[in-house]
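We just call them A, B, C and D in the order they show up, numbering each chain from 1.
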Amino acid sequence: MSSRESRAAIRVSSAGPADPLLVEDLVAANRILAKEGVLDGWGHVSVRHDRDPGRFLLSRSLAPEMVSAEDIIEFDLDNVPVDDRGRDLYSERFIHGEIYKVRPDVKAICHTHAPPVIPFGVTTIPLRPMYHRAAFIAAGVPIFEIRDAAGMTDMLIRDPQLGAALAKSISDKPAVLMRGHGATVVAPSLPRLVGRSIFLALNATLQAQALIMTQGGVINYLDPEEARLIEAREGYGLGRAWKAWKRKALQLP
Amino acid sequence: MSSRESRAAIRVSSAGPADPLLVEDLVAANRILAKEGVLDGWGHVSVRHDRDPGRFLLSRSLAPEMVSAEDIIEFDLDNVPVDDRGRDLYSERFIHGEIYKVRPDVKAICHTHAPPVIPFGVTTIPLRPMYHRAAFIAAGVPIFEIRDAAGMTDMLIRDPQLGAALAKSISDKPAVLMRGHGATVVAPSLPRLVGRSIFLALNATLQAQALIMTQGGVINYLDPEEARLIEAREGYGLGRAWKAWKRKALQLP
Amino acid sequence: MSSRESRAAIRVSSAGPADPLLVEDLVAANRILAKEGVLDGWGHVSVRHDRDPGRFLLSRSLAPEMVSAEDIIEFDLDNVPVDDRGRDLYSERFIHGEIYKVRPDVKAICHTHAPPVIPFGVTTIPLRPMYHRAAFIAAGVPIFEIRDAAGMTDMLIRDPQLGAALAKSISDKPAVLMRGHGATVVAPSLPRLVGRSIFLALNATLQAQALIMTQGGVINYLDPEEARLIEAREGYGLGRAWKAWKRKALQLP
Amino acid sequence: MSSRESRAAIRVSSAGPADPLLVEDLVAANRILAKEGVLDGWGHVSVRHDRDPGRFLLSRSLAPEMVSAEDIIEFDLDNVPVDDRGRDLYSERFIHGEIYKVRPDVKAICHTHAPPVIPFGVTTIPLRPMYHRAAFIAAGVPIFEIRDAAGMTDMLIRDPQLGAALAKSISDKPAVLMRGHGATVVAPSLPRLVGRSIFLALNATLQAQALIMTQGGVINYLDPEEARLIEAREGYGLGRAWKAWKRKALQLP
């Protein structure tokens, strides 16, 4: 479905203006992840609307590093914009709505092509948590094989059916690798989404290093119980990094 | 052939002034690829003239990061400048003219020494497409062995014969690795050329990582049909990254 | 123990104002190590008080790159702040006090999650000194296994008992790797601490490279006697790098 | 020999003021190599005096990125400063004088701890030229084993005898690796020295990559004759990169 077709007929009402701080954090998340090399010119980040769990916020089609508050558009969970004012939309917006539909715990979603995760998407080596910052990986990071869902494609999640297939693949996990494409990460808040997106990529780099160094020998990953205890308290302390990331990304004083 | 010799005798007429936007994009392409680490002090980028397929535009001999509109010179496909005003020319300009001669589909060419592609030029491991951004690699990336064309040389494509040999080696492909030297990338437009040049290098890095991690095990590359479907729509969406790359490279607001 | 609980009851007297130059160096150390990629948003650096070996200086809970002189708080060796003015403290401040207690030779401590050291903390390959800048590694870098000290945890050194266990693990060594977490580095001065923290990470990168290149073959590490002779004179010469690091970190003219 | 001792007694006359452009290029070389990551806080660069082959120019003891024209000091080939005005000198200045003594072809010298060369100094894998920019490596890059010259040391070239041993080890080659320490590179000019220093490190990175990818399989290095033909013309073309490097390093318009 191309960016402007067959949208005119549908009318979606707004949940009202989102909290300006939430919008500011969404802009910050876009720019932080671009600065950290997690998002290239094509990835995107969304957040669930604070007034209505049936709406989410996502930029118009724009490189993440260029996103500002005025680029943010409200969508319903069928990925229909409330008012796009004729602007181009991300062709893969279906990733967002379809996951929000089936994952009420998810408040923020990032779709990324971060280079270090690409090799793990095309081999059979599972991602495992190397250290506390990547504890969420212990829950398991499945690989989405788009061929199983739709045969030969251009790899993009460009319709609701593919979005639903991806949502099914991520199941109750914090992230899913997309074979030959990238990954999608979910979280209960924007700061945790940014943390997970950064550490998914960093853990991939470090795990690859350990695998190569040991030539298949023993690696002492986090124990599932350690990971559970870390995740149970992760909110605390993340604010410290979030403040520094946001300051740099928004060039605050 | 050194930069100023035996050129005075030949007179080439101009196709007229090129579209200023095309020149701006050519300048941007030079600077983007320098910023992204694809071009060092020596690579170069050209574009076919918009008024005459028998002419191309290329900077005078200058590091790509320093190229401005006033440095751009018009050449005919025999690599003769219309009016070089006595300025030094790239000694490897023959890469450009000779490929434009035999590849009417090609509108832009980049010659690069991007580090990640060097190891693939000196081993027998073929480049394969790791993910959708590098789908063009599925068409095959041959290796140009200059020894086959000319025996022992200083590795440079410094005359029309070597340029023609390189053009024969690239055949109908999107890129060719040059053993012990670098690579040459071609595309139907400057934005796609920039994308291909960046993702040729990034795919090399990621493929090397996957090869090492799996120690020769199975890697799930893009299927040729997936690659074909991606390439068939690649134009769409590339503009988003191009806008961001260009803004940074030209320091636009 | 969370950041503000059960502290009100204890009163600790100040050793008096610290040397402003020491505070400036502590601020510089925080920012240098952030710039060099050794500290992310969570690591921290402390220094022993110049007027009283029973006190140390550490920032309030803040990303190292944002630390300024006004953020520095005085603590006693039981990790009790003299006057925190209600500000949040690092939950892992116990690393610092417990090591200062048992290591009178230590004047400065850094807790880091530097990526290159993570793989060495989860494999059985010991860090060895690749070159003169990392000679201190010859003394041995143990691995702290928090499971031995406390079973399943959230990996953080969040109480005096865990701090003491870490202090026991580092013993008389210059650094300790923390499995699934990071490392803690100690030194007789802030400049040497900064040097050791940077070169612990760089040596890990280079040793991993050598291990992989040789596939387990012979690596010619520094001889223990060479390391001893280097360490005996290391103070000399370090000032040159310290001056450059500090100038960049504090944006001095 | 520490930096200020036993120097007062010797008097060396000046060869007169050096060409200001040569001094500017020496300052630029220091800053370029710092920017490129080839020099850390401790490496150094020298150039032979343009008026007298028996004199060379080297900064006072200072991190290369901070070197300005006023820091440059004239030395004789016994490494005695003409007039150091009481400033600290590099303790390893003996590298420079001793090589200039026995290598009249050498006009510029760089001592570096560039990380990628360190692994090659401690393994038995010889550096080989991966591509045209590193053709000089075909001449061979020996490894200096300081234990052979002086047994157990602190690894530094801190006296004329060690300098002479290093000069003997480099023989007629363009560079020498120093086991557990770094490398020393020589060249007939500052621009070529800068190029060699950068590409020695880059070639090490790329050769390591190729070695690992092929797991000891065949790598198609430059042929010695190719390398000879490249070196015979290298001066041409280098100016293009030199101009760009210098502009950035000196922040020229």
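Methods note: contacts are C-beta pairs under 8 Å (C-beta built on N, C-alpha and C of every residue); 3 or more make two chains touch, one makes a residue touch a chain.
Remember, predicted model here, so these are calculated numbers, not experimental data.
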{"item": "Shared interface partners, meaning chains that touch chain A and chain B", "value": "none"}
{"item": "Most remote chain, CA-based centroid, reference being chain C", "value": "B"}
{"item": "Equivalent interface positions on chain A and chain C, same or different at half", "value": "different"}
{"item": "Between chain D and chain A, distance of the C-alpha-averaged centres to the nearest whole Å", "value": "47"}
{"item": "Distance between the centres, which are taken as Cα means, of chain D and chain B, whole angstrom", "value": "33"}
{"item": "Contacts with 2+ other chains: residues of chain A", "value": "212, 215"}
{"item": "Contact graph of the chains (line, ring, star, complete, other)", "value": "ring"}
{"item": "Complete list of chain pairs which touch one another", "value": "A-B, A-C, B-D, C-D"}
{"item": "Residue ranges of chain B touching chain D (in the complex, touch as defined)", "value": "2, 40-42, 61-63, 65-66, 91, 113, 115-116, 118-119, 121-125, 147, 152-156, 179-182, 208, 211-212, 215-216"}
{"item": "In the complex, chain C residues that touch chain D", "value": "129-133, 202, 205-206, 209-210, 212-215, 217-223, 225-226, 229-230, 232-233, 236-237, 240-245, 247"}
